[in-house]
Every structure is written in structure tokens, then in C-alpha cells.
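Letters are used for the chains, namely A, B, C and D, taken in the order the chains are written, and counting of residues starts over at 1 for each.
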């Protein structure tokens, strides 16, 4: 046994153990807290596998924001009871057998493809084209240049999900006034988070960071504000909020279409401009992602919805 | 020599973490546990950070690490306060 | 490449553990946790494919895919939680 | 500008954003957006018919590193169906949602759903397909709970959770493909793929996920509650288009991508499940008490028919006979898409007028709503597979493939399935054309009745008489080894 593998084996074992504990804990609160720990451990694994961009995103989104959403769901009492389904013994046995067989099959394939005969994947190509992409962080190059279309559609997914949150949910009760200690912390923390988000956004072009990490950090600022009793969580209302939500997808799409109309292909940046265009898109995307994530935490509006603003309301009353 | 010092600092930092974890598991009530956790972890993190800064040897990195330590201090102080306040309120009612 | 294999196999185990819990659990919150663990397993497989040893540059494509997947996963989680909350409220009314 | 492939995605997306920004104009933006999407699809179709399959490398990067959009015969046919159906449903929805508080929300999500469908039919990249699947699933879930009732929310939540599990299965398949072949581009993959453990395991995981989404028996249980509790225009697109998207992907994977890999046994298993789905779905539909529930179970049965083709396609040698069978499959899917959306819209009209959709109390429908009763009859003709509907021709070809391959086992399935479909259709028509007071009288033909009857006419007449277009288009393939 090679001793250098020990840390990796330890990390992998801890991941599996934590996942087991998350999935089999009968106390939901405990499960959620363990899940947050699982996310943090995963962030360490990403760092170990030389994926600092992911480590940042996992800590902010996977552990942080998911954790906040799940905890607030517990507070709403939407846990319900935690019994396992009343499946018959045979059924459970069959499920376990299925799981075992599939794990072995997937593991076998992974062994064949990773260990037995390594395949040359896209690493070399992606790194070779980096010069022409306008940024020097390869992950940002993939996200906003090579596979920018994926990212565009992903922003649309976020938009659809947040519209869904707003359609079904009413706004949650806010929190009461915090004590002086927390209040003081908020006054330090929120500006710091905003500055950090700006830094992550800017640095994403050449180092780990980018729109998603920055958006999540900004959203964290909003959530902290709400915890401190600011019910709006720093978001505007009505029309402005709609523009904020649309900004990311809109700027992305319009720039892409602009390139098509001016003779290039869709999302084919002129090479000299690609760096600045990517930055513009990322700024808009950061704003939209942050707004969407804060809205997801806050829930819908108690008075109908954001698609109807004051002017519409007055009109409908008068007509 | 410097490296040796750094390693020493890192290891003593880690042992503080370890003690804190033991305290968390073994101490009888919430306040004592919080005490063990925050004290040990803040000190442990501080030692760890000084050690890492020495190993790295650049001033900029040392500043960044210091910032991290300060933030962690702020967060742990505030959250320990909130938790104990909550516990007190619940005990009273 | 042994490291990559260790993590990839861990990913496979996490994925199937998540599937198992999704099938066995009845209420939403445990199922959502299970689906998120499932996702973590898939992401771990992708990232371990990108890792080519400490000296070679990593493959950035899977990293970008996982970043996309993370954002999609949290969007879906948020939607499911909102739906569940509304159902809960309706049951109380 | 000479490559129109981005427009079917960009036009509805742009309209969705505009509808979100100007909610008071959302109805007009929605209608205009649907019409312009139709125009964009027509543009693409013309080019494919004239010059064969087209490809657009997004961002100018070679497919592999970048993402390619591709349109061939199969995707163009699916695009045409989805855009025509959604245009008609949009006209209906403009009446249905005209006084609803949820009007603006509906239009934004509606346009996002069309975006997702078009993006899915055009995508040439496996991971991009995952993103489009998620977009489709999430927007469909939100649309399905616009009704706001407890049942619809519960059904939507189950749909969401299962959909997520399905996408995870699909995604891990994509991961294994990337592990084994180092590419996500489907054309490169079609050339590189070979039979082996990687391809088998990846294909079964991806297919498993898609089977959940396409509601093949026994994974159909989520469909009837979700489809029957949604608002009528939403049920129409869920049944007609969203389920078809998953079936389309299975076809794509099996025929174009994994042509080398698919074994007779695997195809036979799916065919058998399809057979059970035909019998079971039709049987439950026959006993359904509510019109929309009957329609939903009929969808389960009709999806089953599509899977009956798989073992036949796997057995037929590559060439004209197989293309004919493939064309029949597509024709059946298209006919069902038009007929089922017409059916759900008609059910919506009845429900709004009568306040319920209990089949046994539908007496008087024919007198009160003659156009809608006629729509139900026409849609029924297409669901059974009577001439001159497209499904008649399709089932004819299905039978002839059964004769060619000698897989006689499917013969009783088709016969009994058709009889059962006839039984549930005539049971419904019997009540609808009987005298009674279940549905109040109406004075004129409403705007909401027209789209349904047009859709039903498309299913019975248009697809019946112009079916040759389908057979001409299907062999045009963007993927090596696929389609012919």
C-alpha cells in the first residue's frame, strides 16, 4: 500500500461516511447540519483535485446557500415526519441489490476508463486555445467562451426556478431585531461581502473566481441582511427587480445575437474584444444570480407577485 | 530553522484543534462546550496561520492569512454569542 | 492515476447511496438531501476525470460542467422547497 | 445571418424576457413570440429540406471544444410539431388566462418552455442536452402548478423529484461517456463509439433516466396526476410535447449514437414494456371517470406504441425498410402530439363551461358545444388510428414491419390496444353526443374552440394526406450511421 494515498483514502472514506450519516439520520435537523458539513468536506476535495474554482463555488453555493435554504425550510416546519417509506422487506432487498449491482457496474467502467487505458480528453485543446479566449483562467474560458451557450441556458434555468419560487410561495416572516453583537457584525460583514464579491468577479478572468462565486457571495450578503431584520434583504421592488432578474440572460443573449447580426456566429466574440465582453456578461450575470438566490431564500411576495407593480394595481382597481 | 519553527507552530495549532474537538465531545453542558470550542479553535487557527505564513515567506500572503484569521475570529465570536444567548433564553422560558 | 480512481469510485458510491435513499425515503426533505448527494457523486466523477496528477494542468471542461451543474442543482432545490412549503401551508389552512 | 439555427431558441427566449419586463403586455408578447418562433422554425425547415442537415458551431469553436447545434429531418419534424402545437395552444391560452391573476407568469414560463423544447431538439452536445432537460423539467413543473390546487402542487412536486432523479441518471451516463470517449459532441461520438462495457452502462443509465421522463410503464405513475391536474393549455403541451421530448432523445441515442451498441435483447425489453403500457394504459383509460384522467392514461398507452417500434427497428437491416419504419414511428408521435393537445384543449373548454369533467355527466355537450364535440371525435379518430389520420398509416407500417421481421408477438398487442382505444373513445363520444343537461348551452363558437379543432384536423387530415413529407425528411440525418 502506497503511503501517499493515505490522505486521499481518508478523505474519500470520510465523504462516504458523512453521506451515509446524512442519508440515514432519523433526525432531520441533524441530517441538514451534516449535509452542510458534507458540502464543506467536498470543497476540500475539490481543492485537493486542483479545482479551486469549484471549491469556492461549493463552499458558497453547495454548503452555504443550500444549507441556508434547508435550514429555513426546517424553521418553516416543512420537515414533516421522517419515517422511511413503508416498503416491504422484499422491496427494500431488491432496491439494495439494484444499488449494489449498479455501483459495481459504474465502478467497473470507471476503472476501465481511468485506470486501464487513459483517454486523452479535452484538456490539451482547451488549454491550447486559451490565448484566443480573452481570459487566462481556463475554467472561465470554458464557461463564458467555449461553452458559453450552456451558461446562457443555465441562467435561464435559474430564472425559471426563481419564477417558480415566486409563483408558489408567499414571503416568509422576517426575523426580529437582532441583538447588538449581531447588529455590529452585520455592519462589518455586509460591506466586506460586497467587496469580496467584486473581487471574485474581477479576478475570475485570470484566477479562481467568476460570476457564480461572486453572485453567491453577494447573495450571502443579502441573506445576512435579512437575518438581521432587514426584510427586503437589500433587493429593490417591482420594476427594478424585474430588470435585475433579466439582466444576466438579457445581456448575454443580446450580445450573442448582436454578433450574429453583425456577421459573426452566435456568441462568437471578436477576438480583440472578448475579454471585455466576457466581463460585461459576468457583471450582469452576477447581479441576476445574486438577486435570484436571495429571492429563493426570501420567498414570494405576500401581496401577489412582482410581475404586478403599483401602477398595474392602480389601473386594475380603476378599471 | 525557520521551517522547523513553522512546523512546530502548525503542529501545536493542530493539537489545539484536537483538544477543542475532545472538549466539544466530553464537556457536560453547552456553555462549557462553546468555551472549549471557540477558545481552542481561535488559538489553534492563529498558530496554524502564523506557521503557514512563515512557511510561505511572503508578506502579502501573511496579510491575507491574517485577514482570514480576523474574519474567523469575528464569525466565531458572534456565533458563539448568538448560540449562548439563544440557549439562555430557552432555559428561562 | 490512482488518486483519480479513488475519487471516481467514491463518486459512484455516493451516487448510488443517493439513489437508494431517494427510493427509500418518503418525505421531501430527506429526498432532496439524497438527490443533492447524488449530484455530488456525479460531480466527483467529473472532477476526478479532470485530474491528471499534480504536475499536469487539469482539464478545465469538467470543472465548468460541474459549476453549471451546481447552479442547476441549487435552483431545483430552491423550487422544490418552495413547493413543499406551499403544500404545508395549504395543509395547515 | 445565413445560418438560422439559433433563432428557434433565441426568439422565444427573447420574448420571455420581454414578457417578464412588461407584464401588462405579456399576452401580446406571448402570441407574437409564438408566431415568430413558428417563422424561425419554418426558416430552418426550409433550409433542411433544400440542402440537407445543417450545423452551427456556437462561438466559432470546433464542435467538441464548443457546442454545436444541429438540425436534421428528425429534429425538424419535432420542431415543426412543437411550434405548431404551441402556436395553437397559445391562442387558446390567450382566452383561458385572459382574466387570470397568473396571466403574466404563465406567458413568461410558457415561452421558456418553448425555448427549452427547441433547444433540446437542436442540441448536438450531451451535456447541453442535460441543461435543456433541466430547463424543460423546471418550467414544466412551474406551469403545472399554476392552477394552485393542492392536488396539482402535490403532483408537480412528485414530478419535480422524479425528474431530478432522472436527470441525475442521465448526467452520470454523460460522465461515463466523457470518461470513455473524451468528447461530448454527439457527431464525434457517433463516429467513435463502439460496443463495450462503457457504452452499455452509459446507455442504460441515460435511457433509464429518459424512460422516467417519457413515462414508460412501469415508470408512468407520476404522469396521470401531473397531467390531469394542470390547467388545460399546460396539460396539452405536457402530454403532447414534453413527454415526446424524452422519447425523441431515446430515439436519438439509440438510433444515431449507439447504433452499434444496442442489442436485440435490450430493444426487446423496451418493446415488451411498451406493449404492457399499451394494454394497461388503454384499460385504465377505459375505466377513467374524468375526461382529463382518461386523456392522461391514453398518453401512457400511446407512448407505449412508440416503444413497440424499437425491437422492430433493431431487427430491420439498415436501409429503406428501416427508414420506412422509423418514419412511421415519427408519424405516430406527431399525430399523437396534435390529437392529444386537441383533446386536452377540448376538455378544457368543456370544463370551463360545465365546471367539471366527469365523463358520465357530459350529456348535451354535442348540442351545447358542437365544435368541441366534433374536435373530440376527430381526435378520437386519430387516437384509435382510423383512416385518414396519420396514425392509421403509421400503424399500417407498424404491422408491415411486424410481418417483415416475423415478430408476431406484437400483433395481439396492436389489435387489443386498438380495440381498447376504440372502446374508450366511443364510450366518451356516447356520453358527449347523448342528450342531457350536463353542459350549458352556448350561443356562438368561441375563440377558444377554434385552436382545438384545427389541431384535431391537423392530426387527422394534414398528417394523413401529407405523410409522405415525414418519410422524405426522416432519412436526412446529421449523425453518421443514424436514420439511413
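What we mean here is this: contacts are C-beta pairs under 8 Å (C-beta built on N, C-alpha and C of every residue); 3 or more make two chains touch, one makes a residue touch a chain.
All figures in this text were calculated on a predicted structure; none of them were measured in a lab.
Peer 1: Which chains are joined by the largest number of contacting C-beta pairs?
Peer 2: A-C
Peer 1: How many angstrom between the C-alpha centroids of subunit D and subunit B?
Peer 2: Computed from C-alpha means, the inter-chain centre distance equals 58 Å.
Peer 1: With chain centres defined as C-alpha means, what is the inter-centre distance between subunit A and subunit B in Å?
Peer 2: A distance of 28 Å separates the two centres.
Peer 1: Determine the centre-to-centre distance between subunit A and subunit D, using the mean Cα coordinates as centres, and give it in whole Å.
Peer 2: Chain centres of subunit A and subunit D, defined by C-alpha means, are spaced 31 Å apart.
Peer 1: At least two other chains touched by the same residue of subunit A: list those residues.
Peer 2: 106, 110, 114, 121-122, 126, 146-147, 150, 154, 157, 160-161, 164, 168
Peer 1: Counting only residues that touch at least two other chains, what does the list for subunit C look like?
Peer 2: Residues 8, 15, 18-19, 28, 32, 45, 49, 65, 68, 72, 75-76, 79, 83-84, 86 of subunit C touch two or more partner chains.
Peer 1: What are the residue numbers in subunit D that touch two or more other chains?
Peer 2: Within subunit D, residues 127, 131, 134, 138, 141-142, 145, 153, 172, 176, 178-179 contact more than one other chain.
Peer 1: Write out all the pairs of touching chains, ordered by chain label.
Peer 2: Here the touching chain pairs work out to A-B, A-C, A-D, C-D.
Peer 1: Residue numbers of subunit D touching subunit A in their complex, please.
Peer 2: Interface residues on the subunit D side: 1, 3, 6, 10, 13-14, 17, 20-21, 23-24, 26, 56-61, 64-67, 101-102, 104-105, 108-109, 112, 115-116, 119, 127-128, 131-132, 134-135, 138-139, 141-142, 145-146, 153, 172, 176, 178-183, 197-198, 201-202, 205.
Peer 1: Looking at the complex, which residues from subunit D come into contact with subunit C?
Peer 2: 127, 130-131, 134, 138, 141-142, 145, 150, 153-154, 156-157, 160-161, 164-165, 168-169, 171-172, 175-176, 178-179
Peer 1: Would you pull the subunit A residues touching subunit D in the complex into a rising list?
Peer 2: 105-106, 108-110, 112-114, 119-122, 125-126, 129, 145-150, 153-154, 156-157, 159-161, 163-164, 166-168, 242-243, 245-246, 249-250, 253, 256-257, 260-261, 263-269, 304-305, 307-308, 312, 315
Peer 1: List the residues on subunit B that touch subunit A in their complex, please.
Peer 2: Per the stated touch rule, the residues are 71, 74-75, 77-78, 81-82, 85.
Peer 1: Give the list of subunit A residues in touch with subunit C in this complex.
Peer 2: 2, 5, 8-9, 12, 15-16, 19-20, 22-24, 28, 31-32, 35, 38, 42, 45-46, 49-51, 53-54, 57-58, 61-62, 65-66, 69-70, 73-74, 76-87, 92, 95-96, 99-100, 102-103, 106-107, 110-111, 114-115, 118, 121-123, 126-127, 138-139, 141-143, 146-147, 150-151, 154, 157-158, 160-162, 164-165, 168-170, 212, 289, 292-293, 296-297, 299-300
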